[in-house]
C-alpha cells in the first residue's frame, strides 16, 4: 500500500510491520508537564500516541493542545476527535488547526454520552457522526475541499482512523459496520479492549471473509487489568465491554498484591496470541493511567525495538 | 401527539402568588390524552390552588375553562368576552398553546402549567415515550421506520455506537438502542443489506438549527 | 350486630370505589372536610376487577397534593375490607376519627375565617 500522508504510523503499517500505538489522557488542569511526562514514559516503545478527547465526557485539557505538545517533542500524535462536542464548523476548524502543526493522524469517534461525565446537564452536538467525520477528513485531505464546497489552501495531511467494537451488539452487523467505516474512508482501526479473544477471532474471520483486512489496518486494542476489581467493573459496568468470567476468575484467584503483575502477564499472552491472527496489523495499548507499564508489555510481547520510520 | 407533564404545584403557586383572579385554562387535545392539561387536570389544579389560597386566608378567585384547542384562533376567541375578569391565566396547554394565548391576549400574564416534553405515543396508560423530534426532513424511509434522531441518545445516523449492549442504550439499560431496533426491523423487512449504505451528512437547517420554522401552503391559503 | 362508630362521619355511597375520583376527594377538603377515607373491597376481590386499585392510586394522588399545599396527607386514607367485616369497618372509622381529632380541623377553615 502506498503512503499518502507524513504519518509515522502509516509508514510502519505500510512497511508491513506490526505497529504499536498507545494513548495518554490529558490532565484535568493546564499543566503541560503531565502530558509530557506520560509521553516520555512510552515514547521509545510506540509508533504513535493517541490523545483522548474528553474521554468518558469528563472535561480535560483539549486533545489538540496535548497533541501539539507531543508533536513538539518529536512524537507522532493521533488526534482523537469526538462529534459530541463540536459541530461541523468546529470540527473542520480544529482539523485545520491540527494540520497547521503537522499532526498527521486523526481518530474519528462519536464519543461517550455526556451523561457519563462531569456535565450531564450539557447539550450534545452530534451534527455529524463518526462515519461522517471520517468522510469529512477524507474530503478535506483528498479533494482539498471543505464540506461547504470551498477549496482549502494547504489541505490537512492526515492518516484517518476509526474505532471498532467487535463486542458491542448486535454482533451480526459488527463486520458490516467496519465495512461502512472502510467505505467512508477509514485507513486504520483501533478496536475496543479485547478480553474475549475467541469472539475477536470470530469477528476477524468475518473481516477476512470480506477482505476488509486488506483495505484497512486493524490495531487490536489491549488494556492490562490492574486488579480483579477493575475486571469486575469493566465486565459489569462498562457498556460494550466483553470480559469473560475466566479473566475475572484468574485475577480474583491471584493474591491482591500480585494481581497487577498477573494482569500484565495476561495482556502479554493475549498479544502473543493475536500476533498470529491474520489481519491484525498491530496493537493499541491503552494502559489507563498506567502508562509506565507500556514499555514492559511492548518488550515482553516481542514488539521492541520499534522500527525507525522517520 | 405532543406529550406534556404536569408542573409541580409548588412551582405554579409561586408563579401566581401575586394574582387574585386566575383562570386555569385547559386544552382538549394532546394534553388531555396524556393526562396533563385536560378538563380533569384543570379541576384538580384549580382545587389545589383554591385550597392553598384558603389556607393562607387569601380571597382568590380561581375559575376553570377547557378549550377545544389553544393552538387555533377560533377556540381562543371563545374566552375573549370574559378574559378581562382575570388578572392572570395558567394555561395547561403545551408550549404552543401558552404562546398562542400570550400573543392573542397581549397584556394578560400567562403562566405555563405543564412542561412540554416531546412528540410521542401512549405506550400504555401512564407511559408516554418519544418518537419524533420534528427535524423537518424525515429519514424514516431509510431506517426501517424507527428514528435515530429521536431515539438514539447520540442521534447517530450511522449507528449503532460501541455502547449498544443487549438491545439497550449505553446511557441506561431501560432505554432501547434505536439502532438495535432499526437493524431488527431491516431484518424483518428483508432489507439488512441496506444497512451498509452510508447515511449522508444531514442538512440540519430544517431542524431548530435553521431558526424558527414555518410551513407556508399557498395552495390552501385563501 | 349493632356496632358503634363515631357519629360525625358522613358516608357517601358509591357503586364501587373505582367511582371515587381524585376531584371528589379534593372537593371534599375544599368544602371543609377534616378528613376523607375510602373503604373499598379487598384488593383482588373487586367485582369490576380494578376499581379498588384505581381508588388507591387516586388516594395516593390526593395525599401528594394535600402534602404539597400544606393540608397534610394523613387526612386522606384508603382502607380495604370485605363485606362481612362489620367490626373492622367500625375499627377503621374509629381509627380515622382519632387521627383527625389529633390533627385538628382542616387548616383551610381557619384560613377562611381569617379572610372573612
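Letters are used for the chains, namely A, B and C, taken in the order the chains are written, and counting of residues starts over at 1 for each.
Going forward, a contact is a pair of C-beta atoms (placed from the backbone, for glycine too) under 8 Å apart; a residue touches a chain by one contact, two chains touch by 3 or more.
None of the values given here were measured: they were computed from a predicted structure.
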item	value
Centre-most chain [mean C-alpha coordinates]	B
Per Cα centroids, the chain farthest from subunit A	C
Separation of subunit B from subunit C, taking each centre as the mean of its C-alpha atoms, in whole Å	34
Separation of subunit A from subunit C, taking each centre as the mean of its C-alpha atoms, in whole Å	64
Rounded Å distance between subunit A and subunit B, as computed from the means of their C-alpha atoms	41
Complex interface listing, subunit B residues touching subunit A	153-168, 170-171, 177, 180, 183-184, 192, 195-196, 198, 200-201, 204
Residues of subunit B defined as touching subunit C within the complex	8-10, 13, 40, 43-44, 47-48, 50-59
Residue ranges of subunit A in contact with subunit B within the complex	83-84, 88, 110-113, 115-116, 124, 126-132, 135-136, 147, 163-165, 168-170, 172-173, 176-177, 179-180, 183-184, 192, 239-240
Interface residues, subunit C side, partner subunit B - complex	22-23, 26-27, 29-30, 65, 68-71, 107-108, 110-112, 114-115
